[in-house]
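Read through the structures below before going on.
Two complexes follow with chain A in common, the first pairing it with chain B and the second with chain C.
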Partner chain A sequence: MSETTTANGSANGLGAETARIVKPPRQVPLSLMIGGGIVGMFLILAAIGPYITPYPFDQFHFSTRLAPPSADFWWGTDRYGRDIFSRVIHGTRLTVFMAGTGTLIGVSFGLLIGLFSGYVGGWIDEVLMRLTDIAMSFPGLLLAMLVVAALGSNEVNAVISIGIVFTPKVARVVRSATLGLRHVQFVEAAEVRGESNSFIIFREILPNVWPPIIVETCIRLSYAVLLVVSLSYLGLGAQPPAPDWGLMIAKERAFLVSASWVMLAPAAAIVSLIIGVNLLGDGMREWLAARKTADE
Partner chain B sequence: MIYKHALRNAMLPTVTVIAFNIGWMLGGVVLVEQVFSYPGLGSLVLFSIEQRDTPLLQASMFFVATGYCVANLVADMAYALLDPRIRYS
Partner chain C sequence: MNDAVLPGSGSVSTPDDPGRPVLTIRDMHISYYARGQEIKAVRGVNLTVHAGETLALVGESGSGKSSVAFSTMRGLDAAGRLKQGSIHFNDTDILSLGPAELRSVQGSRIAMVYQDPQTALNPAFRVGGQIAEVVSEHTDASGAQARRRVLDLLEEVNLPDPEGVYLRYPHELSGGQQQRVLIAMAFACNPELLIMDEPTTGLDVTTEAHILDLVAKLKESHGSAILYITHNLGVVAQFCHRVAVMYAGEIVEEGPVSRVFSKPAHPYTRSLLTCIPRLDLSKHDRPLSAIKGRLPNLADIPGGCVFAARCNEREDACEANDVPPDPVGDDPNDFVRCLRWRDIPEFEFDRHKRDANAVRATETVDELLEIGDLRCYYRLRRGVMDFVTGSAPKHVHAVDDVDMKLGRGQTLAIVGESGCGKTTLGRTIVGLQSATGGNLVFEGTQLAGMARERGPDLRRRVQIIFQNPDATLNPQKSVGETVRRPLELFGLVPAGEQEKRVADLLRSVNLPPAYAHRFPHELSGGEKQRVAVARAFAAEPELIVCDEPLSALDVSVQAAILNLLVDLQKSSNTAYMFISHDLSVVRYLADQVMVMYMGRVCELGTPEEVFVPPYHPYTEALLSAISIPDPSIEQENVRLEGPVPSPINPAPGCRFASRCPRKVGDICEREEPPLQEFGTNHRLYCHIPRDELEKMRPVIRYAGEEAAVV
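Coming up: the complex of A and B.
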């Protein structure tokens, strides 16, 4: 199954120890490529989109309100005459930034809490886990609504609330992974050497728990996009005239039958982004699992 | 015979997913009630947030959290029913 070839071709017998094991080529899973492609496209749109849109997102064209898709307005106009295509592209940057930042905040804090709690153990671990239980006893959207209600309805508070919602869930995953690595030999060797706790956590344990963290981050990203859109739909996240997709759907709900393109465009954008992120997460999980079995 | 043996074992992760989804549904009910204009617990939560009615918000959140905990409890008890190896001492 594995062939050994000497790396330096030495003749004195040390070549066997420097031999390289030829691994079978690792296939990148299809879902990873498709998901990565979709997410990459959205990231590019988020970066350069606002500079290539034909119209600014808040420019009214009162003479052509609720116009169907045409050559002038590629995806039509909404009730105030704003170009839907430009608004969706501008909203890409807003949604991607909010969801990404919220996930990053949640994963960072969850990582810190999970690593610390899993490594230290004892009553600190118990107390932290009971606190995360309390936070997890609310459904995600309701906890986010609670935080936004306490802090006020704008984009920054929506990002903070997403971070708060995701921290306990990520902390649990990280803690379980840390517990699995708690009594491995190299960790015990580091303890015997007298390394400080933070050194052990960040240099020994963290590099070995990052595969499940990567997968968890991707999954959380898809929930984050859903949370951002839901909060904005309820009027608790982005405020008008921000081109957030959820806000667009909420505002134009009256025209669902008469001018359906107004709601279909942001809905299609939301669906494709979430599908892309989900595929990315699935592909990451497959790729990391295949990489793990190939390394062993 | 399949129903007797395979179904009992296959239901275990299904019950877990059901409990998790009930939590997610309790969160999504807010959106659904907003879309279809049903008067319900989700609309009450939204109303209390808009009107800054903190005691009402606390009470409705308490209801929702209790419902979620009860659902999880039922799921745990279903686990004990389905799998005779799991028994609480």
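Coming up: the complex of A and C.
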């Protein structure tokens, strides 16, 4: 009997009535398409990059050091005469893989902690959330550096450090989404049936917190790219001669003025990947929100 | 106390000559655009509100009534568009006004009161300031004058201590008080037209009665015309002069309240009036009349009469041509859009007169659930200062010393206003929260506090149906998964036969088995609630706690679900504990009624005992506050005064004493009310002497008769 107050409300009511009769295609936001395209391109490069590059990433050409872009070397060469184009393409795999794995680790652990903490509540929730507070009181990069400094500088530890930085942040987002569902009737109905905690968490609540998790994952991914290249730049991630973007910028920064392409190429790759991921995240958020209102 | 209210004629005097038109809407068409579709929400609506009159616009959800109201204030949201039509306020064309001119009209000459007072008031400002802003925006009043005016207004809407209320923030007021503030704001500039959109829907019945009295009084003194949007026909009968009934975006019938309620012409209006359970009807008499089918798809309206698909009087001609308004009386504003209204039999309310003293033979039934001295307290969080001062912890007494029994296959209804503890009681029984003290015995077994501490068999035998159909189903699970889960969990049906059992269950709640593949967002509210019923019955329970399962549904859908619950109970012998605030629904469904107030039982008995004298004074007030859309029934006018006391560490004595219109004396505040028993099992907790209780007049009577309607 709760008659909808707003004109908006009744419109939605009618929308629901008609929803079952015709299902027009859902409009995909432009940002989702562009972001998806950019990210997809980088994923393809990561997969097939090493097979399509004109030169191996570590082949020296001493006769053509610091050469400007030309037909032979599309984006020029660095101080050892290595082909920058080949190195940037090669580097895609490393950066995408490290950022992706780090994010995956952070999201997985954050998801588990957030769901559990939010659903169980009480002192367990209190303890877990104070721990995340402590972890989040460090700036992300600083915490990652501390972890790598403690474990040793290499790619694996850089990935682990990203996972550790992200876990509490994701846990917070998931926990708040879980809290919103904690006393919703379908969850209470499951409790009355006597379902186990794991059934309620994974079968009743989890399917309903996917939208915020997907959006959060995209946001995290763009930070992960930044963290990966920052750590490499600081020498805490990939080690030479790996064709890592951050590492390339760090090693060649002396030539910024005399041979700017050396640095600009990896920088451009970083920027476009981050923009792509951000567009993907924004578009995803918009799309999921539109889907939600349409369903209601 | 003894002013009988005769709906439609007694309470509201029709203005002798219809005044000049204040609001004129001509040929209004509103469409919403969603997913590339045009949803024609309002089509060809003509409405005229005359000076000083109250026009009710009635309809169920999706009828377009709110769209009409919002477009009158040019407040349609972005997805909606006024495609065609004209709106005139006096002689001003509302649609041609610029933003500044529009603002000067809105709030001063046209005011609006919304359904939800909580969102209509700004929580960050004191209420006095918010009303004063309206006053100073639209008049030349100085600050002090505006303040004076606001205090007068607050007094006029019967708020106690206007000076105090002036300085309060919205959250410091109750829902009823907030609505009074909004009404004060609406009347601040003596508007010529007041648009009220379901102003009492979220309020308790006793508060609703007060608010309606107040609006009626203010309307007289300010001479405003009112456009009253509602789904509640009972309120219309009491409160309005004329009524327009909307269905699926069109006005199907319009006329004076006295005519529409005594001689409704349109089959839809008739169905609306008969699908509300009346106090003289019980499940033992006959099923309720529900409206079959559902609202047509407004993106693709079939030609002809818009109600034809659901109408019992349908002929081929109905679907062939558009149906023009057909005048019922001499007045052009008294019409019906039906081809067949002259041919169908004259409308009559189906009366079920029974002898109030004749007690239905109570079959002896096995006892299923016994509750003894049940208490549920919530401990309030103690602040730092409480520890410093060492004050004792405070408790909210949600349920206090409740005793009751429920037999197998019986229905016990628990009624009371919000905060009376009825929901807490239900949640305790299904094990969503544990009791503070007392006994909960189910078939001789003590029930443990939380559901998880109970054995699987006990959990299976006690199920729950919730109030809100939108939250009751997991949006990510198909209907089939939802209904199948209890079968799986309790191992009731072998895996191979579950599919078939799900189909049977869906059929038993009158849903096609193909619905198993649908997801909740593809269902209407009534259909979702049917799935919830199927899920509860899947466990083959012996007791189902129904926590207000109908209150979010339209009346026509309500009737269908009620019939369904009655049928299922007959075939499965399941007991219901039915929690509700709606006394007419309770009358229809219940074998036993328990009236609760602030955690305590006031009265317990069969409906035939509770709905006739002797009453508990609180039951009397509840009965007086329900609105019945039948002019042949009159009601005693009992209004509760005084504030609802705090449930935190309540004072000794009768909890109802502070608001009781029949308070005996100091004894009510000092001592617990004693149990007085009437008949075999009619229990009443009250200090009023027995002979005085027996002399009470029935609250609800057929006009001109003394006997109670039961």
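Quick note on the criterion: the second predicted complex is superposed on the first by the 273 of 296 C-alpha atoms of A that agree within 3 Å, B and C clash if a C-alpha of one lies under 4 Å from a C-alpha of the other, contacts with A are read in each partner's own complex, and residues count from 1 in each chain.
Keep this in mind: a contact is a pair of C-beta atoms (placed from the backbone, for glycine too) under 8 Å apart; a residue touches a chain by one contact, two chains touch by 3 or more.
Please read all numbers here as calculations on a predicted model, not as lab measurements.
> With both complexes overlaid on chain A, does A:Phe138 touch chain B (first), chain C (second), both or neither?
Touch partner of A:Phe138: chain B, not chain C.
> Figure out whether A:Ser260 sits in contact with chain B (first) or chain C (second), or with both, or with neither.
In the superposition, A:Ser260 touches no partner, neither chain B nor chain C.
> A:Asn154 contacts which: chain B (first), chain C (second), both, neither?
Neither partner.
> Considering only the touch criterion stated at the top, classify A:Glu204 as touching first (chain B), second (chain C), both, or neither.
Once the two structures are laid over each other on A, A:Glu204 reaches chain C alone.
> Could you look at A:Leu146 and tell me whether it touches chain B, chain C, both or neither (first, second, both, neither)?
first
> Under the stated touch criterion, which partner chain does A:Val184 make contact with: chain B (first), chain C (second), both, or neither?
second
> Taking the superposition as given, does A:Val192 touch the first partner, chain B, the second, chain C, both, or neither?
Touch partner of A:Val192: chain C, not chain B.
> Once the shared chain is lined up, is A:Thr64 touching chain B (first), chain C (second), both, or neither of them?
After superposing on A, A:Thr64 lies clear of both chain B and chain C.
> Using the superposition described at the top, determine whether chain B or chain C touches more residues of chain A.
C
> So in the complex, the part of chain A that touches chain C is made up of which residues?
The contact residues of chain A facing chain C are 1-22, 24, 26, 184-186, 188-189, 191-195, 204, 207-208, 294-296.
> In their complex, what parts of chain B are in touch with chain A?
23-28, 30-31, 34-35, 45-46, 49-50, 52, 57, 61, 64-65, 68-69
> Could you please specify the touching residues of chain A with respect to chain B in the complex?
Counting only chain A, the residues touching chain B are 137-142, 145-146, 148-149, 230, 233-236, 253.
> Would you pull the chain C residues touching chain A in the complex into a rising list?
Chain C reaches chain A through residues 32, 34-37, 39, 41, 60-62, 64-67, 70-71, 75-77, 79-80, 114-116, 197-198, 201, 230-231, 294-295, 297-300, 430-432, 451-452, 454, 456, 459, 462-464, 466-468, 471-477, 485-486, 489, 518, 521-524, 535, 539, 550-555, 558.
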